[in-house]
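My questions all concern the structure below.
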Amino acid sequence: MKLTLIGAGGFRTPVIYRALAAAEVTTQYDDVAFYDIDRARLDRIGCVLDGISQELGSTVPVTMTTDLEAAVDGADIVYCAVRAGGMAGRILDETAALAQGVIGQETTGPGGITFALRTVPIVTEIAQVVARRAPDATFVNFTNPVGLVTEAIRLVLGDRVIGICDAPLDLCKRVAGALGRPPEELWFDYFGINHLGWLRGVMSGGRDVLPELFADRDRLEGFEEGRLFGADWLRSVGMIPNEYLYYYYFNAEALASMQAGNVRSAFLAKQQAAFFAGHGSPSEALRDWQRTHAAREASYMEEAWTGREDDMAGIVAARGAGDYGRLALDLIDALHGDGQQVMILDVPNRSSLPFLDEEAIVEVPCVIGRGGIVPVAIGSVPMEAQGLILAVRAAERAAIEAALSGSRQMAIKALALHPLVPSVDVAGRILDGYLAGQPALVDQFGAG
Amino acid sequence: MKLTLIGAGGFRTPVIYRALAAAEVTTQYDDVAFYDIDRARLDRIGCVLDGISQELGSTVPVTMTTDLEAAVDGADIVYCAVRAGGMAGRILDETAALAQGVIGQETTGPGGITFALRTVPIVTEIAQVVARRAPDATFVNFTNPVGLVTEAIRLVLGDRVIGICDAPLDLCKRVAGALGRPPEELWFDYFGINHLGWLRGVMSGGRDVLPELFADRDRLEGFEEGRLFGADWLRSVGMIPNEYLYYYYFNAEALASMQAGNVRSAFLAKQQAAFFAGHGSPSEALRDWQRTHAAREASYMEEAWTGREDDMAGIVAARGAGDYGRLALDLIDALHGDGQQVMILDVPNRSSLPFLDEEAIVEVPCVIGRGGIVPVAIGSVPMEAQGLILAVRAAERAAIEAALSGSRQMAIKALALHPLVPSVDVAGRILDGYLAGQPALVDQFGAG
Amino acid sequence: MKLTLIGAGGFRTPVIYRALAAAEVTTQYDDVAFYDIDRARLDRIGCVLDGISQELGSTVPVTMTTDLEAAVDGADIVYCAVRAGGMAGRILDETAALAQGVIGQETTGPGGITFALRTVPIVTEIAQVVARRAPDATFVNFTNPVGLVTEAIRLVLGDRVIGICDAPLDLCKRVAGALGRPPEELWFDYFGINHLGWLRGVMSGGRDVLPELFADRDRLEGFEEGRLFGADWLRSVGMIPNEYLYYYYFNAEALASMQAGNVRSAFLAKQQAAFFAGHGSPSEALRDWQRTHAAREASYMEEAWTGREDDMAGIVAARGAGDYGRLALDLIDALHGDGQQVMILDVPNRSSLPFLDEEAIVEVPCVIGRGGIVPVAIGSVPMEAQGLILAVRAAERAAIEAALSGSRQMAIKALALHPLVPSVDVAGRILDGYLAGQPALVDQFGAG
Amino acid sequence: MKLTLIGAGGFRTPVIYRALAAAEVTTQYDDVAFYDIDRARLDRIGCVLDGISQELGSTVPVTMTTDLEAAVDGADIVYCAVRAGGMAGRILDETAALAQGVIGQETTGPGGITFALRTVPIVTEIAQVVARRAPDATFVNFTNPVGLVTEAIRLVLGDRVIGICDAPLDLCKRVAGALGRPPEELWFDYFGINHLGWLRGVMSGGRDVLPELFADRDRLEGFEEGRLFGADWLRSVGMIPNEYLYYYYFNAEALASMQAGNVRSAFLAKQQAAFFAGHGSPSEALRDWQRTHAAREASYMEEAWTGREDDMAGIVAARGAGDYGRLALDLIDALHGDGQQVMILDVPNRSSLPFLDEEAIVEVPCVIGRGGIVPVAIGSVPMEAQGLILAVRAAERAAIEAALSGSRQMAIKALALHPLVPSVDVAGRILDGYLAGQPALVDQFGAG
């Protein structure tokens, strides 16, 4: 089994490698190709991986390469987690929005749209290489915005692509914790699209136990989303929203916090620049990486906790090690192992959410086995959730079309249709601010 | 045939009366009851009506009354155009929103929601009187927000209620004008819910001629909506939006204009207070009314034209006399006359917009005749239009529930779900600002 | 305005001509081209038309031609009422089915499917000529099976084609008569596909008055469909079915009657052969035609009345002159006249019947005016009606595919999917029986 | 864990017991109550169970009882497999239909409807006892017609009821065999309602491998359904139908075979009467039962093989031991064990089949775990499958309504709506034939 990781110079690569090296997975990999366009970053990450190998006393047959064709050739599984434009691009996504008084966030709001303009052409090219060099490979997409990018790759690879995000699983685990029940005994009735979903119920023995949580304010506010949204609003919604819904339900507050300086990309850019500029032995590299990673995790969604920093400290402490690394490997294990597993993935809708077309990528529980992946049926959902999902998906589809066509009009449409952008003119100014930082794109999307 | 007009002390009553008195209608009315809770306003309006009668040399068998039961008793048609809380209420709706940095508009945005909290209980009571005293009457609802209020009345009167708004017809006429074609030769493929609709196509001889308009920038920007939205955005949308969509598509600009002082209710309150405080002979009253009415029409949607006042002057000049008065009477004529007429009305969906439930009140072309009223089938519409309609309708349904239950939680939910309200906390502050001006409602909706 | 009638040698052409000549229409026709492939039939019909002209003392500018290109060239309206294979074809459709113990009927059951196999290629060719020689013409399709053939023509002409059938209007008029109300004061809530529809309600002043009819057994059984189906079954169904549903609801009885010799095509073939073999002056030809036509009408659906011939006599007496001729001309008048008319037509679904796709041809009330034609929204219908419509439409779509591809497998599938065909093997035998009478088709559909 | 088996005097009870006694299950049962209304049958079956216990040298804590309340009290799981009216009832269902020239089959066609008229009131009473004495129990319904009966029980027990049938699993296993692949490596894309379903695809590694089978006539006709339907028809359908679809697709042939004497109930009645009349030691009883059971299995669906008895011999030889006994126990294991299992069950639709309402009981793959049971999303299916499912479900819903109301009109409607009943009058005669054998029901459903 050959696994190829595209974008392996990314900061989170060691998380995946550790899961592989620790033999936490059942699938046997006899070739693992780590590909990136940036040799220096790849080397630095490679050094961290060596540190992990030494620590665990294990070896994984790894190749590090900047040759995409070679990396992909004959792969059984391709992971794709690229960040087009690097951290500078993310800063641009976030600041171009903020400069117009709109939240600066890389996946939600206009940041996700400009990110997509830059990313879709690149992942499309990668997908074309995969179609040619590894036509049977399963393509696992981590690249953000996951739903939109998965829809775009699907235009090239069809059913071979699956999107994945760790946010729903983390939410489900926290809710299980708040309920005092092991997650493996529960069914999580989660639905939505990427970064726009809700946990509608938690079934145990055929009964919904989520009302128990709603009935107990202390337990309800005792976990991350509970504290984030507050018991009153959660009771109004009647569901537990994905944390990214904070940017919708508390847009004004998130914006104020960002305007006060809580812009994540700036923090990460500085932090990662320091890490990638570092050098030293594998064990030193690993230690640097771990320190940087811990600071990163501790500051996740900081903009949501302005004025209640104490709450946030508790939230950070309660966060587990995170399953980002395991998640994708578990998916591969599920596809190649015995029996059936259930994971929340980004896959074509069929009729899971009946108000969306069959091809739309939805984020819902799926059954996974050697046969393949099938989403479960969700049935009807509240009208407001339908409205929000349709509005965001409409903006995302316009973004794909803009990215592939290079149409300025379509790019503005994508931005303007996004529910968090307050006007067409603001959309135009965000695009222009973005283009100012991406001169190479001006040819396509034109000057303002 | 007995016609009852509820809310007859309203400023626009003479517009309806003139159509009656000028015998522009085919239905014979042998009893027209004008009802209002405010005797003084009713008298002043009555004086204007006398002025109209004198001018036209005609008489309509009118009764003026403040007794609702008597007014409604035995009515064949009931018009309902009440303004709960009067102009002071409207000021409150608009300023409570503006104070929180959200557009202040009586039907769109939070203003429509607080307006509904106040209005739904009152129209529900009126509907109950109608159910008792005129069970077979056709109930024509003009009361804003028309869609929401019609859904609420439907809970009492079922199919007897029809909602009506003049905005779609005005839009269609302007587009016909821009196309240089008589409206009666065209089919207007309009769809949506009240104050949230789009003209998707204009059929002539089975062909869509709207693309002709889109292809010609000058003609496209030569009428009100064209100039309001601009050719570029209209081409992106591919449809002509109802002017109220300005508050969505150009929310930032509308807000800035309102924050700069363009708040319609304040203007109207002052203007109407002056009118209602006036006195004099019928002809003097009529003259006062006409002057006031002209100024009112001239300033309609002024907030959308900040910085392009010259454009607006042209727009105002191009506006016809308006068909508000005729519209409702035409509906009655259509219900009682020969053949079939088509009007854009607010009626239950059936399957007109297939993404909405069958009971939802939609605003679409309807066939009207002695048999009754049936909406046409619209078919699929763009995803973004679906998203916006569902989002707003979800907020409106929460508002009905809040108004009928008096639940603070539901009132905040209604406000927070509205796409133009940027957070749950802002929703709470808007409600509290509103309640500060409506102390009588604090018992129900609680203090903040 | 040029009107072209394709299939003008058909027996019912004089019905249309009379409406034209009697100036019962408002549209001015300055060229009426009567086209048929059979010159002899065309001449005989032409003689009848002369008889009508003489009787009415009027002249219509008629051309009789066997040149399709010339007939169609520059037409504004094209009527198409062809019978591919003539009466011999119809006999074959009916007997091939009957020979296998399945009802022999030209539109319902396997007869409609074999009829389609023969007809679709011919109307497709005609449509291609129209697309070339009269690209803007409105194409009015009378050719049976109307729904299926209209879907097939739509593949060539898109929205230019409209299907039409007189059965729904006749049903509505009879129900109005039974209710003792003028049809023009009622709304007929009819839905379905061609020859498979139901009258669900009859609205008067916004109220359904059909329950009045259901409540009164005598009135309910006092008109054609009432006597045909019987009050008990109508009450079970809760709607008034189109008379063609007799072949579904009373299939066993219809079959027995046909097996006893009531096969309509044999009767018509004999009758019409006699008529077309005749000769004489225009007035003699007209008299011959009238006699033949009266006998034809009197025996319509005779197979449904076996054993209750007395009932049938009353039914025949109650039948009016029929509106077949007027119907299509009324449609043209509606498309070119003032205001809006409502007719039950066969048009694309949009969302009229929400359980069918948007392109499916449905038979529902439509609004017609200079703008074009739009179906009304029907909303949800009983599950059994959905099931039957979907089953028949699936068979019809397979028939179109079979006709266009010449695939034997698809032809058998079309027959086997039809709800009235009791097995795949029977379907195969019906096809073989049919091919035995159509040797020219054996090349395509193969031998059994 | 207490398991109650209702209808334990049924002939197939030993199949379930053997699975329990052989410890093929993981759930621990500390009380197994076998209930039947017929003590003599219960004793005879008990004797067979003793034979099994002796053979396996194992003991299961069994209680045999004719007291329903005691049997159900405190149960964790209730199996329900009753045959209302016994084998005599089944004979009546089959012969009442056959007497009118309609296939006599206990679940498909009118036999399923009359069976339901008799069964629904009885299972409703049982469900009410369960609601009272074991409100938290999982109710597993085997009682035929499974879909209809499960919908009826759902009216009492809501989500606590699950329907189950072994036919889909057997089909899937046979297809896996024909594909030469182990079933546990495949995903079976099966959908429908009970006894009316199709295997649309077989996924392996994310690809549909069913086309491989369609491409190879020998393999395609090498298993039961392949030989039953024939390669040509299967290729037309493009799916593998559940064997019960033989009664639809080859209705004429099935009927002819039944008319020739292949009526299953008569055979079974004789066979089982002999068995139940027997006596002897446990080992003798077991031997008698095994002999009877083998003969029963060997003759399953004999009516479909008339004229090709040799084929059938091969089919019977190829049939495995059958998983009827394991199936239900596997379901319980899945509900109480670790991880997630997938089984094809009869559960509420949610949006699995988007053309059906959310409450309809569908038969589709479901995920089962400690959390509960959730159906997967199927998405769009061929129009003809939609049509057939809707038609049959409409008849079944009318049957439930008839059974609960005792309405003759509704009973005739249920029969007449069934696609295999050729007319309303035939429906009436079938009902009357049925009532002639069920005098106790004449009070309700009236005389003809």
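A, B, C and D are the chain letters, set down in written order, and residue numbers restart from 1 in every chain.
Simple rule for what comes next: a contact is a pair of C-beta atoms (placed from the backbone, for glycine too) under 8 Å apart; a residue touches a chain by one contact, two chains touch by 3 or more.
Computed from a predicted model, the values in this text were never measured in an experiment.
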{"item": "Repeat of the B-C interface, chosen from A-B, C-D or A-D (over half of contact pairs identical by residue number)", "value": "A-D"}
{"item": "Most remote chain, CA-based centroid, reference being chain D", "value": "B"}
{"item": "Rounded Å distance between chain A and chain B, as computed from the means of their C-alpha atoms", "value": "44"}
{"item": "Mean-CA-position distance for chain C and chain A (Å)", "value": "58"}
{"item": "Inter-chain centre distance, chain B versus chain D - centres from mean C-alpha coordinates, in Å", "value": "58"}
{"item": "Contacting chain pairs - touch in the sense defined above", "value": "A-B, A-D, B-C, C-D"}
{"item": "Complex contacts: residues of chain A adjacent to chain B", "value": "101, 229-230, 232-233, 235-237, 249-253, 255, 355, 382-384, 386-395, 397, 409-410, 412-413, 416-417, 419, 422-426"}
{"item": "Chain D-touching residues of chain A, taken from the complex the two chains share", "value": "138, 159-160, 184-189, 202-207, 335, 338-342, 349-354, 358, 365, 367, 369-380"}
